[in-house]
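Alright, structures below, take your time with them.
One chain, chain A, appears in both complexes that follow, with chain B as partner in the first and chain C in the second.
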Partner chain A sequence: MDMEVSRIWRDPELWVKALPSVILQTTCFLAPLVMTFILTFQKTQNFQLNWTWNLATWTDVFTKPHYWTILGHTLFMALACVVVCIVIAFPIAYGLATRFRAYDSEIKVLITFAFITDATLKTFGWVLFLDKKGAANYLFAHLGLPQETVAFLFSDWATLLGMVYNLLPFAIFTIYLSIDNIERSLILAAYDAGASKFRAFWEVTLPLSRPGIWAGSVLIFLLGVGVFLEPKVLGGGKSPMSAELIRQTFETRVNWPLGAALTLVLMVVAIFVVLLFSRVAGMRKAGA
Partner chain B sequence: MSKNWYSDLPQYYQRQIKAMGLDEAGMNRRRMLKGMAGAAGLGLLGLNTRQAHAATQMTYMCWEGYNDPRIIDPFNKANDTEISFDLIVDSPGGFAKLQAGASREVDLVSSDMPWITRMGPAGLAMELNPDDYTEVYADFYDQFKPPFEPLMNEGKTIGVATRWGWVGPCINTDVTKPEVWKTYDPVFDAANKDKICVMDWGDWPILPMALHAGINPYEPLDEKQLNEVRLVLRAMFKNTRTLVGDLTQAQKGLLDGSLLGCIGAGSYLTSAVRKQGHKNILAIVPEPKNGLKQGIIWVEATAVLKETDQPELAQKLLKHVVSKDAAHALALLDSTCNVVTNKAVESVFTPEEKDILQMDYMWHAYDNSQMHRVAPNIDEMLAIWQEELAAAQ
Partner chain C sequence: MNHRFESALANVILYGSMAAGLVFFYVPIFTLIAFSFQEGRFLTLPFDGISLKWYGALFQSGPALNALWNSTLIAVVATFVATIVGTMAAIVAVRYCFKGKRAFQGLAGAPLAFPQLLLGIVLLLWFSVLGRWFGFNTGIVTAIIGHVVYIAPFVMVIVAVQVYNFDPVLEDAARDCGATTWEVYRHVTIPLLWPGIFSAAIFAFLLSWGNFYITYSLAGSTRTIPTFIFSGIAVGSSPLYPAIATVVFIPGILLVILANRFRIRAAAA
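And now, the complex of A and B:
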């Protein structure tokens, strides 16, 4: 096995094939990342970047608790969004993949539409619906319910609603593809072996759809930690998340070193969480 | 040794440039960048021949509205120019972009006055000779004529004020009375919990709150004063329903009465709604408190970049932007309406337009306001804002 790997690495054809990808990754990802890291060791003076090497920015990051409060809040919201999305997406994806197979193409087109509809439009739409004087309260008032029955706009709940609404298609699509690829004969074999519908689902369908659940979770988590619109528009800006903090630092404070440092912290923590979960998931899989 | 546009390039290319005679052809980095940008633009736009025939290309960094065809087209026609726009969405971002190198491509900038002022010490803005602008200033309100201290750097004028307005509570007179807002007290009244909106526009909400706390944010502040700012922001967040960055969200809340008042904004927010016929939406300024004026006058200004390769044309454009016809268009845009610094425009305003702009109120607002300029401790105050916002979660 080792010899085979070694042989592959010596294969010039492989290197040629990999070269465009390596160049792309280096110039478009690695180089900006290194630049961002270098930027954190500079300072700003009179709103101007001053190329003086120092650790002031990192000292600031590690001594001011509010950065970590916002980061913690961001991680919590992203994880909550993952859980809610998966719980909602799984039955939808399962139903679409098993009960509505005749409409397979139409369903895929509809899911694609969800991706290409502008998130700003959808988010502002929720404001009109959830506002004190919005459509929801108007309808409830006509049903005889108290005024302002729906009163959770500009709260974390509204932010979570917006996040789930905008990111749900990612979970539905990945889980749908995963369930759609499960061999039907495996489920039939479980039935032949005497498994009930629930047991066949629990021991065959669910484990085999795990890659889709995992892919959807990672996607939603990473997109969730970077949300900007939902906390601002639906959350009322009172519980800022990391993306807004970074925007404020770069744009309003023109403190690029601090903005770069906060960006790196967010990236590292998000990657760490993903790796941690993948390890836990891997251990559970090995245990099973 | 003199530095030229290609001296940063490797020696090989420098020799090639010299060999091709490009070093003596009046070529410079700015023209090369513009030429490249122009060529790329033409390629992408499928060769718009009318534009391609313009003799001179210029770049104008400005807020949306300054690029209105009613303002720009007459200038392009009269001077055979093609102006491309670099629209800014926030003044600090525009300033940072200029410092990051955009100053080599931009000829003219229209932005918030403190950021135009900062262009002086940063070495970005060209010093203007007020004598060259005698005709322009002849039409100006006295308040904005030189020597206009907020736009001066070391005694030199570095920009011309274009339009202005006031920062103060924005209210709906159907749900509250202007008399109630003679101070910022309603912002902190527990009875108004979840009825106050704060515009999340950088320093805009911070400075009025500092004034309310008895602190003049335009003077250097010590730790004790900064702590007062912290306390007043903390109290403000307790009562705040929402922080909004988008004008329309605040305008909607004021119109439907779900918001009692909006702070950190002012005439910039209310005028467009008034233009739609909602004259019950007002921008007012509180009365002075313990001798400290509570309102803030914001001013937008225009400056010529030091590195422009067309200083005369850029100054001509500056004069055009503040001219009577252009200023009239600038005062009444679809997105926002604001008074301008050119007094001559008053003669072309209709009574309805004057009412939209609250012109009967503007000098009262001016007299009860601080002039918005560079606040020495603004970065500390912005950091405090972030800390208190995080703590309020």
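And now, the complex of A and C:
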């Protein structure tokens, strides 16, 4: 069935429906991005923006290794978060699509609620749980484990835990959707052809769920490079990531051009990494 | 490998990871709920006693109630606008064929994959520069605009699924019977899309209600629940904050259940 109703762009109805989004995202997304780019060529004096064109900010960005070290650390954390999220999300999504038919709706409600609840609250909950005198150590002490078994709050591990926690649902949702769309008959055909369960999974289900894995990875990576709450609250601000650096540049140093430049560098590098990975994945597929 | 062993292993992995996943998701949530009943002043275990006194303190705390009111106001207005904008965008993105459709989908959905803190900062720069030219400050209005930019794409995606499953022949039939464009919308399109629109609106409301990053950048001196909590995150703070969290969870879970009902009804239609 052809879902699309062919209409030409002169149709006034199309304009009425498309314009609000176009106006909104042009004036409040594209235009601000363009202005951010323009701002990087200006100067600040006495905490005030000064409209004089110059390249000082960009020379600063490209000569100080400090910014790039932080950027490298951010990319590494985001990639680690992607890997952990996919590994955890896959069996959950696969189970949700194949095993839990009876409780399907309840499980979705539970995951959605955990996903949509205010990130500051959940992060605060983790602090209370992981603290030296927190819930985890209290429980473990009652189980007879040594004092302060859980002592990784305010480290990169805690940051990673917070990132995985907050971004995991994106992977579960995208992988679930792609597994749910696989025709059951394809798997049955594999069984008919004599494949074991494991083999059918490996040769049919896993390759067909690749779009979901890819979509989840890209989303998590792009959102992961911008996290600020987790490194600040769970990581204790000890090894800052790019978002924290950018926030400080704006708020503490009040250097708008530099903050704008660091924002753009982060986005451009992140998108470049995504394109690089999609190129590599594409080549591997073509080679196979 | 033998067949039964394979099945058993698969079941152990799948049931086990689901159970572990759900526990993982609810660890911080239940920790907060537990700490809200702490009688003493400090957020450490063991508790001094169990009491509801911090809930009483919460309902007498001016800043907390004010933050709750601001969150709700921003979320209601932002949801209303974003639902209209996002629904229309969903219809355009699925039902029309035109040059530049890809560009439209990309533009209307772009903020979905943009880190929120950076979106907030980029918008803060924009409003600060515009504010200096036209003489306004950031506050509730700029926060609402920021929220709309962020949640309208979510509405678009959720409603688009519904539009995709809906047969355009129904609209054509109504039109053939002499209905005007408005009547077709009023009596056919909107009623059929309603469950999807409603669950998208609930989702949008919750995303806006619990939004930290954009509010943090754009709300000026206005405090909402997330920014209020952020200012109090520390083990040294009082059980007032876990109490706020618990109060916020109740409408949250109820709305998610309601949205799920609508989603199931939408799928059945």
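Criterion: the second predicted complex is superposed on the first by the 261 of 288 C-alpha atoms of A that agree within 3 Å, B and C clash if a C-alpha of one lies under 4 Å from a C-alpha of the other, contacts with A are read in each partner's own complex, and residues count from 1 in each chain.
Quick note on the criterion: a contact is a pair of C-beta atoms (placed from the backbone, for glycine too) under 8 Å apart; a residue touches a chain by one contact, two chains touch by 3 or more.
Since the structure is predicted, the reported quantities are computational estimates derived from the model, not experimental observations.
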| item | value |
| --- | --- |
| Touching partner for A:55 - first (chain B), second (chain C), both, neither | neither |
| Which of chain B and chain C A:133 touches, first, second, both or neither | both |
| Touching partner for A:64 - first (chain B), second (chain C), both, neither | first |
| Which superposed partner A:226 touches (first chain B, second chain C, both, neither) | second |
| Which of chain B and chain C A:276 touches, first, second, both or neither | neither |
| Which superposed partner A:188 touches (first chain B, second chain C, both, neither) | neither |
| Contacts of A:73 with chain B and chain C, given as first, second, both or neither | first |
| Per-residue touch tally on chain A - higher for chain B or for chain C | C |
| Touched partner set for A:256, first chain B, second chain C, both or neither | both |
| Contacts of A:154 with chain B and chain C, given as first, second, both or neither | first |
| Where chain A meets both chain C and chain B, residue numbers | 49, 127, 131, 133, 233, 250, 256 |
| Contact footprint of chain C on chain A as seen in their complex | 1, 3-9, 11, 13-14, 16-18, 20-22, 24-26, 28-33, 35-36, 39, 49, 88, 91-92, 94-96, 98-100, 105, 107-114, 116-129, 131, 133-135, 138, 165, 168, 172, 196-198, 218-219, 222-223, 225-229, 233, 243, 246-247, 250, 256, 259-260, 263, 266-267 |
| Parts of chain A lying in touch with chain B, wherever the complex brings them together | 46-49, 64, 66-67, 69-70, 73, 127, 131-133, 154, 232-233, 236-240, 245, 248-256 |
| Sites on chain C touched by chain A in the complex | 1, 3, 6-7, 10-11, 13-15, 17-18, 21-22, 24-29, 31-32, 34-35, 43-46, 84-86, 88-89, 91-92, 94-100, 104, 107-108, 110-119, 121-126, 129, 145-146, 148-149, 152, 156, 164, 167-168, 181, 203, 206-207, 209-213, 225-227, 229-230, 233-235, 241-242, 245, 248-249, 252-253, 256-257, 259-260, 264 |
| Touching residues (chain side chain B, partner chain A) in the complex | 90, 92-93, 95-96, 99-100, 118, 121-122, 200, 202-203, 237, 240-246, 249, 252-253, 256-258, 379, 382-383, 386-387, 389-393 |
